[in-house]
Each structure stands twice: as C-alpha cells, then as structure tokens.
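To start, the structure itself, in structure tokens.
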Amino acid sequence: MEQSAAYLGLIPLLPLAGATIIGLLHLSSCQTCKLSERTYGILACIAPILTFLFAIKVFLDLHGLPVEARQISYQAFTWFKVGELDIAMGFFADPLSSLMLLFVTFTASLIHIYSIGYMAGDQTFGKFFAYLNLFLGMMLILVLGNGPVVMFVGWEGVGLCSYLLISYYSEDRANVLAGNKAFIVNRIGDLGFVLGMAFLFWAIGGSGFDYISLKANAHLLSSTTISLVCLLLFLGATGKSAQIPLYVWLPDAMAGPTPVSALIHAATMVTAGVYMVARFSFLYSLVPTVGLIVAWTGILTALVSAIYGMYQDDIKKVLAYSTVSQLGYMFAGVGLAAYSAGIFHVFTHAFFKALLFLGAGSVIYALHHEQNIWKMGGLRTKLPITYWTMLIGALALAGCPPFSGFFSKDEILYLALATGNPGIWLIGVLVAGMTAYYTFRMIFLVFHGSPRDQGLFDHAHEAPTVMTVPLIILAVGALFAGVLNLPAIFGGGQVVSHWLAPSLAELHPEASHETEILAIGASVVAFFIGITIAYRKFGSGAEVPVFTGFASFAYHTFRINELYDLLLVRPYKAIGSAIEYFFEPQVTDGPVQLTTWFYRAAGTVFKLLQVGYVRIYAIYMVIGLSLMSLLLSQSLK
Amino acid sequence: MIAQWLFYGFATLAVLGALGLILFQHPMNGAMCFIVTLISLAGLYALLSASLLFALQLIVYAGAIMSLILFIIMFLNIQATDLPEEKGRWTFLFGGILVIAPIGLFLLKVVKTLPQGETSIIGQDFGGVKKVGMVLFQDWLLPFEIVSILLLVALVGAVVLAGKKEMAS
Amino acid sequence: MTCDIVPLLPLGIVGFGAIILMLLAAFEKIHLEVAAVFSMGVFALAFVMQLLPAGPDNLAPYTALFHGMLVTNEFTKVAALIILACGFFTAMSSTSYFRLNSFCTLEFYCLMIFATFGMLLLTMAHELITVFISLEIVSLSIYVLVGYNRKSVTSAEAVLKYLMLGAFAGAFFTMGAALIYGAVKSTGFEAIASFIAAKGLVQSPALLAGVFFILFALMFKIAAFPFHAWVVDVYDGASVPVTGFMATALKTAIFAVLANFLILDVGLKDFWLDGLFYITVFTLFAGNLIAIGQNSLKRMLAASGIVHTGYLLIAVIAVSSNTISGHIILFYLAAYAASTLGIFAALSYLGGKDEQRSTFDDFKGLAKVRPYSAAAITIFLLSMAGIPPTAGFMGKLYIITTAFQAGQTTLAVLGIVSSILSMWYYLRLIISMYFHEATDPFEIVGSPFAPVCTLILAACVFAISLFPIAI
Amino acid sequence: MILDYLVLSIVLFCLGILGVISRRNVFTVFMSIELMLNAANLAFIALSRLHESMDGQVLAMLVMAVAAAEAALALAVVILLHKHTGKLDTNVFSLLKG
C-alpha cells in the first residue's frame, strides 16, 4: 500500500527554486545595485528551513502509518519514455530516506545560517548561496528519488555543485585544480554507478525501474549479476564517499569555503555512497562476499586515513581525513549487512562533523584564514563558545561515552565481532584509538598551551552570534543524538534501528552479552589510550615537529597522490600528447581537413546555385518535378 | 458533330492564344492573345454544358481580371525600352520544352486511364445558375465563405502594397 | 451538438479580431502599439479558447453545414496552439522592431491575424479546395507582409519571388485537385481515403498524379529540396518579425496539412515513402550546405530552416500511419518555433535601425556588451543544433528514435550526421558573440516587449523539453 | 470526347509552365500562371461533365475567385516593382542571392 503526497515533489523543488531566484538576482545585480547580504541570507535560508519542516511532516506522516506500509510516493511526471525504458520523475519516502531527509535538511539549515556570518563581505555572496541551495536541492533529489535514475540525477548534481563550491575561490588556480580533481575522481566512480545501473536495467529493468519494483524482482537475478551490479555500484560509492581507491579528492576539497566543507562532509555528498548501499540493501544482503569486500575496503580506508590524520598540520585536513576514516566505519557497517548501524553512524556523524567543521571555520574566521594548527594555541580563552562546542564534537568523534559517536561507532564494532569478523573489529578498535589521538592532538594544539603566533592570537575574537548559535545547536545534537539508538545493554530501545527496519534487508546476528561488553570495553580503553598519548605529547604546548621516516611518509599521505600521478595521470597525459603531437597532425588531421574542405566546397557550390534569379528557381522546381514524373511514369506502366 | 468541330476550333484558338502569350515580347500583345484563350475556354465550357461557368468566364475572367491587367499595363505606360531584352529566350523555350516534356507526357498517360464519356448536353438545368447555386450554397458553403476572407485579404494587401498612404513615423 | 462551436471558437475570434482591426485601420483610430497589444490579446484569447475541451476526437463541427470539410482533433488542436503562440510572440517582438523601423501601419497586424486565421483553417481543413483557399489566405497575407517595407527594394524583390513561385506552386495544387476530382469524384479527404482503401493508389493513376502535384505544392511551401531555393532569398528580404512568423507559424500549418493529408490511408503514405526518403536526405544536406556559405544571419537561419524541414520530414516518414498521434511532429515544431521565434525576437531589437546588424560579424562581442541577450541567443542556437537539455535536443531525440523504431535506420543516421554538420554555422555565431571584442555598443532603443519576449522564449526552450510525450 | 478536353487542358497547363520558366517579363509570367489556373479549371469542368456532377463547376468557380484575388495582389506587386526600378524584368531583381 502506498500513499501519495504531492508535497514530496515540493521538497527538492524549494531549494532548486531558491537557487534559481538567488542566482537570477545575483546575475542581474551589478556593483551599484547589489542586494544587501542580509536579503540574500534570508532568501537563502528560507528553502532549507522549509524543507526541514517538510521533512518533519514526512517523518510524522510515515510514523502515522502501520510499520509495513511506511511508504509515501509522488509521481511528478513521466520524465522520458524510450522503448521499454519508462522513467518517471518520482519521489519516494520511506523510513530510510525520511531519516536522511531529517538530518540533511537540519544540518543544511544550520550551515546556511552559519554561512551568513562566515561569508560576510564576500564579493559574490549571492552566487555562494545560489550554489548552496542548488547543492541542497540536488542532495534531496538524490535522497528522495524513487529509483536509480532519479537518484543518479541528484548524484551528478551534487558532483557538479561540489565542483562549483570547491573551486569557489577561483582566483587561486590551486582551488580550481582541487575542484577539477574532485570532479574527475567522482566521474570515475560515476562510471561504476552508470554501469551498475545499466546491468541492473538490462537484467530486470523491463518491469519497472524504481526501488519497489526492483526489490520485488530482485529474486530473478543470478548471483553473478548481483555481485557484478553490487561491485559496480560500490565503485560509484567509493568515488562519492571517498573510499579506497578514490578518496584522494576529499582532502583537496578543503580548498572550498569552510561551510561548504561542512556541508559536503557532514551531511550531504559523502554520505551519498553509504545511503546508496543501504538503499540497495536488498541486493547487497544477497551477496555477503561483496559485503565483505565493502567492509574491508571501508575499514582499511578508516585505518589509512586515520594514520594520515595523525600527521596533518592543516586543521581542515585533519578533519577531512577524519571524515574519510569515519566513512570507512560506515562502510564497514553496511558491508557487514549492519545497515542500520551504518546509517546511524551517518546520522550521528552529521552532527558532530558539521559541528567540528563549523567550529574549525570559526577558528579560521577568528584567525583571518590561518589554517595551520602549528600557528595556533591557547585560543581557549579567546574563543570560549567555539572551544566548548568543538570539545563536545571532538569527544563525540573520538567515541567518548556517552557522546553520540560512541554509540554509533560501538554498534558497528560490536556487529563486526558478532558477525565473526574479528579482523575488522581489531582494526576498528585501533582506528578508534588513533581517532581519539588525532582529534585531541588538534584540540590541544589549537586551544591549549600558549599562543605560537602572538600576532594572530591578539587579533582573534569570537565569531558573531549567527555563527555561534548553529554551533551550540549542533553541540546539543552531538551530545544527545546517540541516545536515539541506545543498545539494549544500556536499557535503550534502539529506536533508529527499529525505525529503519522496514527499509532495510538487515541481518540480526545473535551474540552474547559478553561479546557486547568486550566490544564496548575495548572501544573505551582505546579512546582513553589515544587521548592520554595526545595529552602527553601536546597537552601543554609542543613545537613544530620534523617528520622523518614513517611519519614523513604518512605526512605525505603515503605519497598516494604521487603514485596515482605516476601510474595513471602521467601515462594518460603521455597518450594525450602522443595524440596531440603525432597522431593528430600525422594521421587524423588529413582526413579531417579534407572533410571540412569538401564540406566547404560543397557549400560554395550550393551558394553558387542560389543565383538570385527567380526564373532559375522556378526551373529548379520544374526540373525536380520533371525527374519525379519520369520515375512515376515508369512505375505506372 | 458540330460540337466536335467547335471543340477543335476553340482548342486551336486556345492553344494559339497561349502560344501568343508566351511568345510575344510585349505584355500588351501577350494579354490580347491570352484574352483569346480565355474566350475560347468560355466556349469550351459551354460545350461541356457549364452555362454558368461560360458566363462567369466571360464576365469575370475575360472581362474583369483581364481588363484590370490591361489597365495596369497601360497605366504603367510600358515602352519597349522598359522590357527585358531576353536574348536567350529561344534557348530557354526549347530547354523548357525538354524539361516539361516528362511532366506533360506523364499527365497525358494519366488522363488516358480516366473513364471516357460523351460530351453531349445533358439535362436542361445541368450547369445552370439555379442548380450550381444550390450546390454551391448547400455543399460548398464553407469554401464559399472563406473565399470572402481571401478577397478581403487581397483587398487590404493591394492597398498596402500599391497604395499611396504615407508610412507612419 | 452544443459543443460544435467550441472547436471553432479560436477561428472565430481570430477572424473577428482581424476584421475589427481592419476597420480600425481604415479609420486610423488607434496607435500602432495599441494594435500590437490588441493582436496579442486576440491571439491570447484564441489560445485560451483553444485550450477548452472540445469533445471527442476527430470531430467534424457542423457536419450538416460544412459537410465534414473541417475536422478537429488533438493534432489540429495542438498545431493551432503552436500557431497562435507564434502569432502572439511575433506581435510582441514586432513592437520593438517597429520602433526602429518605421514602415509599419495598422494593416500589418491585421494581415498577420488574417494569416493566422488561414493557418487555423489549414490545420482543420479536410477538403482540397478548402485547403487551397486557406493556403491562399495565408499566402496572400504573407506576401504582403514580406513586401511591407515599400521603400526597400530587397523587400520588393522578396515579395516578387515568393508571389511568383507561390502562385506557380498553387497552380499545380489546383491541377492536382482537378486530377483527384477526376479519379475520386470528390475532393473531400474522407472520400479520397475510402477510395484508396477500396481501390488502392496505384490502380488509379489520376489520383496518383493528383496527390503528386498536391504534395509538390506542400513541399514547396515547406521548402523541401529541390523546391527550396526561394526560401533563403525571401527570408532575407522580409523584415525580421515577418521572417520569424513565416518560419514558424506557416511551417506548422503546412506540416499539419501534410500530416493530415498523408495519413488519410496507409496506402497513400506507403507509396510515397521512397520518394519522401530521397527528398528528406537531399533537404537535410542542401540546407546544411547552403547554410555554411552564408554570412547573413537571416539567410543562415533560412537555410537552417530547410534542415529543420528535413527533420520534420523524417518524422512524417517515421510516424506510424495507422495511429498517427503526430506528437513528435508537433513537439519538434513547438521546439523549433520557440527557438526560431526567440532568435528573431532578439534580432528585432538587436538588429538596429534598418536591420543594420545582419551578418555574423556584426554580432562580434555581443556577449561582452549584452550578456543576457547573447546567452538567450546561445540557448536558441543550441536548441536548434540539438544540444541537451534544450527542447531541440528532445525533439531530435524523439524523431531519431522513432526513425529507428520505424526501421528507417539510414534516415536516423543521416539525421544525426546532419545535426553534427549544423554545428558549423550555429557555433559560428556563438563564437563571434563570445570570442571577440565588442566594437559596437549595441545600444537598444525600443519597447521592452522584444527583450521580455526573448526571455520568455528562452524559458520556453527549456520548459518544452520537459513536456512529456509518448512515442 | 472528354479525353480531348483533358488533353487540351494539359497542353495549356504545360504552355503555362513554359511561360513561367522561359520569360523574364513579370506580366507575362503572371499571365502564364493564370493560364495554368485556367487549364486546371478546364479540367475541373470537363471532369464535372464526366461525372455528371456539378461539384467540379463549383470548384472551378472557387478557383476563379482565388485567381482574381491573386491577380489583384500580383498587379499591386507589379506596381511596387515598377516604382522601384521602372523595369519589369525579373532578372533585375537579383540583389538577394548566394
């Protein structure tokens, strides 16, 4: 049984309309007739806040339905119909998408509000908000799409917007290159998505290509096809969600304005991959082997990026690697068919990561765009609100009980153990310790000790209210979001898991209480070890280290970028220049030039035929008629 | 029998008139020849028992339209020097005949396949004003009505194109 | 029977509006721009009336009175909508044009509405002489519109060429009608259809020859090869709004007749498939080849109009004869109309006095001075070239997929090739607008109507592409 | 015989075409087109006699009306052209070409 609700279509439409209006306003404004930043800010915040209200309505509507019928959908129109491919522009909400919807719109609203303060004084204020709204609209299409094709529209849309926003400060070439990198790397992943979609369509698309029909027909697929489709889709996910081997774009994406980093990293784009895997859980749960690949990829990504995170000196890069690392956890979760745990981690992560990024933004804002943590220090007194909120965020990220991150991460680790994957569990615990270490390394270096750059320190000041309020709201979220899915052992009801259950094809492994306690204990111990080491080394001031050996290798992120450059980019460029300098001039140019010459010559002939004498035109007509009548009289007999 | 001879007579006149139209250099001569064709066509209509059309051909075509054309020719006061030289006229004529021949032959082939009938006068009223009028106003009301719009357009158009009204500033 | 009046309402409104305007013009009671607004009102009202539900499909209003000479259905209805919209936008953009070029009088709008009246009749006409008379109504009005600028010798030349060749083709039409009358004993479409169904086309050479001549006359009007030569000169000589009107509304009307006529019976269309095939191929390439040699924008657009005729012919060939929905043809016509009218609307305010800016070079650097106009023109050009996500792309996509489905693989492939060739001249304008420095200030005088019209049409180009149709 | 009339009609029609394509004089060209219309009318009337129905005659009448309208406009155009150049040569009007 499905409910139809036209307001579903309105949800993505609102931000898109907002983007159009703001974009047009921006385009039509000039130096003298500029709208005030205030107007833009208010205009920009309308859409996210309204969509958030709609998201609540979706949630409540779903809640009002019986558990097994929690689906509402809306078919806007038939988008295209070619052959048997009949794609409707339709939207679809079930518990999974409604949850995504809630926190996407929630964090996006806060980030929009925060940006009003952060972007103040920017020359192209309007453009920024147009992009931001567009981004949100695309993300909502991705989340609400009723089938892979509509999802793909949003998928590509967020890719485009990330490109626009990462290279937002386009005067600097490096930023543009970072945008390019994000775009190109994402395209590689998208290829996987498209191929996966194509295979899926080829196999069972004929009888409907939306999630509901696909789910109903999934049993018709052979396991090879499922594996293939799942692997290809996962390739897409690694691109969007920055997993091995396609994570390289994400740290570079820090080139964009900080609210953008928060939006991309916390709530929107990077979680798309996890969402997609969860969305296709009806396929992934049929092929546990592929699930293992996903899980191992995820946990290894978590490990590698945690190692990188320990050595970074840019505050945003530390956070960027922590995002990659946390995404690794999520994939470990969804890979092990613990979809609700993965999604729950997405959910809590949205709060604390948005908080951390916005906090970092506030620090950067205070220090006039200084991002190197080795130039900070002692800011605790200057930025009290930022400090306390970021501390909450850091504790949540590091997995300190009872902060939200603890519960969600622990859930994943416990399930790793329960499903009999102690390897993943061990690495997970290790990464938890490392996370605590680098998070607090950052906190200590930024806020504790004594100022390393007195000049910067003296000018530092707390951010305006419009920026601090979102921080506080998010801090509350980061504190308490975990309670929503309190496991049974703490007397909780696992509300989120139960809510999500109808959308997901989940496995529920049985495990003893001892296992659960072991998992929790190990995480807590890892957290304390990590934070202790960090305190020892950085608690009361430390000097800029000189990295040697492994540390230097890790500081340079294992030279993966150089490796990719050597293995992929350079050969590709070499082929390109071979084509440019040899193949094109020597081989293809000749025929191409000949064709254009021929085309031009034929054009000249026809130009000459247009003699301008009306009688000649009549003669053309009569000649044509006469030839045709000749042929016709032949056929008459 | 007389009808047959009349047909041949009118046909010859019509063709001669048409030839005159396309061969005479001065449009005045051409127009005069064309009137001959039109009048012989009127005769042919009479032979085909279309008495109303016979009258209309004489009044509307040979009368109104042709006198309009003649009037304009005289109005413009065309001298021999105004006329195009048309040096290659014969080339175009013979080339044209070659080009048109397939069309003509095709049409001849086509009309031969139509059923044949007598041309003797039938019925007292066939082609008369009353009968044709009944057909016109009963079966062909719509075309008749829209012809009025057509004439209106031609009227307005002729005024616009040839009128003396000054252009609006 | 009460609903008989509904499908004829737009026709009535347009005819009535034309006559009122004619009377007003005779007494010179109103200002020129009031007349423009009045005609926009007439078109808009007729458009709204056309949207009213008109009862069953294939309705012949007042059958007893008109003997089924008019038939309305979904196809004619949409075609009429396109025509009325074309009229509306032409009237809108012409106000700006006539601020700069002062040869307009009130009769201009009057004739435009008369032409629209004829076009509406054309879409509905189901009888050959009715078609002929409607065609003449349209043609005569447009001849006058083409030659409206009496001070311009090129305009006079254009009307000479158009009138002479048009009347020539018209004579073939009457001969064709006569031959069909000889074979079928009637000139009504119904009678022709049942005759073909009973006896077959080839069995009756007279009918065949008649259809041949009528197709020739229609092919002439849509400028299919080898009857295309006039179109470039006539478009060039006519004033910008008229050219836009001719290129869109007239083409829509003629294609409506062509489709109505060809789908009378399966046998009728199937017989001409081979011939149409070659005509289509040559039309596509002749149009492209003429277009690449042009320096004047109007001439280029005229030549590209020939190419679009080719695409539409592909659609005519490819749509299934039994169940012609005509959707694809109309979709393409709407898409083409939006972009063509848009370009002509932009030209009517950018062209300057006496259309002084008319070649590719005259628009060098437009993007630097008038970025929005340049962007709009780019949108229109991209739509004509068939670049996603514009309406032109969707139109071409539908046409080419249908051609594939109908087994016309060669045509589909040639259609794609031709669309690639067409980039040559469309991109040329874009390049000259964007990659050159501006030497001309492009100052705009005139009413804001034409720029607004351009903006609306640019939006339409995208909006139409979203309009769903079933193939 | 009806066939004779039809043949005559075709001959006149072809002569009309010939006039259009071989002459440069605007008047002659327009009169040739009138000739073609008349040929069609003859065919209509002959066929009307053949079918013994008067529809053909009505059709011919309508064509006549159209021809009259066309002639009026054509003459207006001739006057327009004459005003511009004083010539009646169609070849003079070849500014638009290429």
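We call the chains A, B, C and D, going by the order they appear; numbering starts again at 1 in every chain.
Here is the rule we use: a contact is a pair of C-beta atoms (placed from the backbone, for glycine too) under 8 Å apart; a residue touches a chain by one contact, two chains touch by 3 or more.
Bear in mind that the values here come from a model prediction, so they are computed numbers and not experimental data.
Asks: For the interfaces B-C and B-D, which has the higher count of C-beta pairs in contact?
Replies: Contact tally favours B-D.
Asks: Centre to centre, by mean C-alpha position, how many angstrom separate chain B and chain C?
Replies: That pair's centroid distance is 31 Å.
Asks: How many angstrom between the C-alpha centroids of chain D and chain B?
Replies: Roughly 6 Å, centre to centre.
Asks: In angstrom, rounded to a whole number, how far apart do the mean CA points of chain A and chain C lie?
Replies: It comes to 47 Å between the two C-alpha centres.
Asks: What is the distance, in whole Å, between the centres of chain C and chain D, each centre taken as the mean of its C-alpha atoms?
Replies: Computed value for the inter-centroid distance: 26 Å.
Asks: Enumerate the residues of chain B that touch no fewer than two other chains.
Replies: Touching at least two other chains: 92, 96, 99-100, 103, 106-107, 109-111, 114, 139-140, 143, 147, 150, 153-154, 157, 161.
Asks: Name the residues of chain A that each touch 2 or more other chains.
Replies: Chain A, residues with two or more chain partners: 607, 610, 612, 614-615, 618-619, 622-623, 625, 629, 632, 636.
Asks: Using the touch definition from the top, which residues of chain D touch two or more other chains?
Replies: Residue numbers touching two or more other chains: 6, 13, 16-17, 20-24, 29-30, 41, 47-48, 50, 55, 59, 62, 66, 69-70, 73, 77, 80, 90-91, 93-98.
Asks: What pattern do the touching chains form: line, ring, star, complete or other?
Replies: complete
Asks: Report the residues of chain B in contact with chain C in the complex, numbered from low to high.
Replies: Residue positions touching the partner: 106-107, 109-111, 113-114, 139-143, 146-147, 149-150, 152-154, 156-157, 159-161, 165, 167-169.
Asks: In their complex, what parts of chain C are in touch with chain B?
Replies: For chain C paired with chain B, touching residues are 15, 19, 22, 32, 65-67, 69-70, 102-105, 107, 110-111, 114, 117-118, 121, 127, 129-130, 133-134, 136-137, 140-141, 143-144, 147-148, 150-151, 159, 179, 182-183, 204-206, 208-209.
Asks: Touching chain B in the complex: which residues of chain D?
Replies: Within the complex, chain D contacts chain B at residues 1-8, 10-19, 21-25, 27-28, 30-32, 34-35, 38, 41-42, 45-50, 52, 54-55, 57-62, 64-73, 75-80, 82, 86-92.
Asks: For a test of understanding, state which residues of chain B touch chain A in their complex under the given definition.
Replies: It is residues 92, 96, 99-103, 105-107, 109-110 of chain B that touch chain A.
Asks: Quick check on the complex: what are the chain B residues that touch chain D?
Replies: 7, 11, 14-15, 18-19, 21-22, 24-25, 27, 30-31, 34, 37-38, 41, 44-45, 48-50, 52-53, 56-57, 60-61, 64-65, 68-69, 72-73, 75-76, 78, 82-84, 86, 89, 92-93, 95-97, 99-100, 103-104, 107-108, 111-112, 114-119, 122, 126-127, 131-132, 135-136, 139-140, 143-144, 147, 150-151, 153-155, 157-158, 161-162
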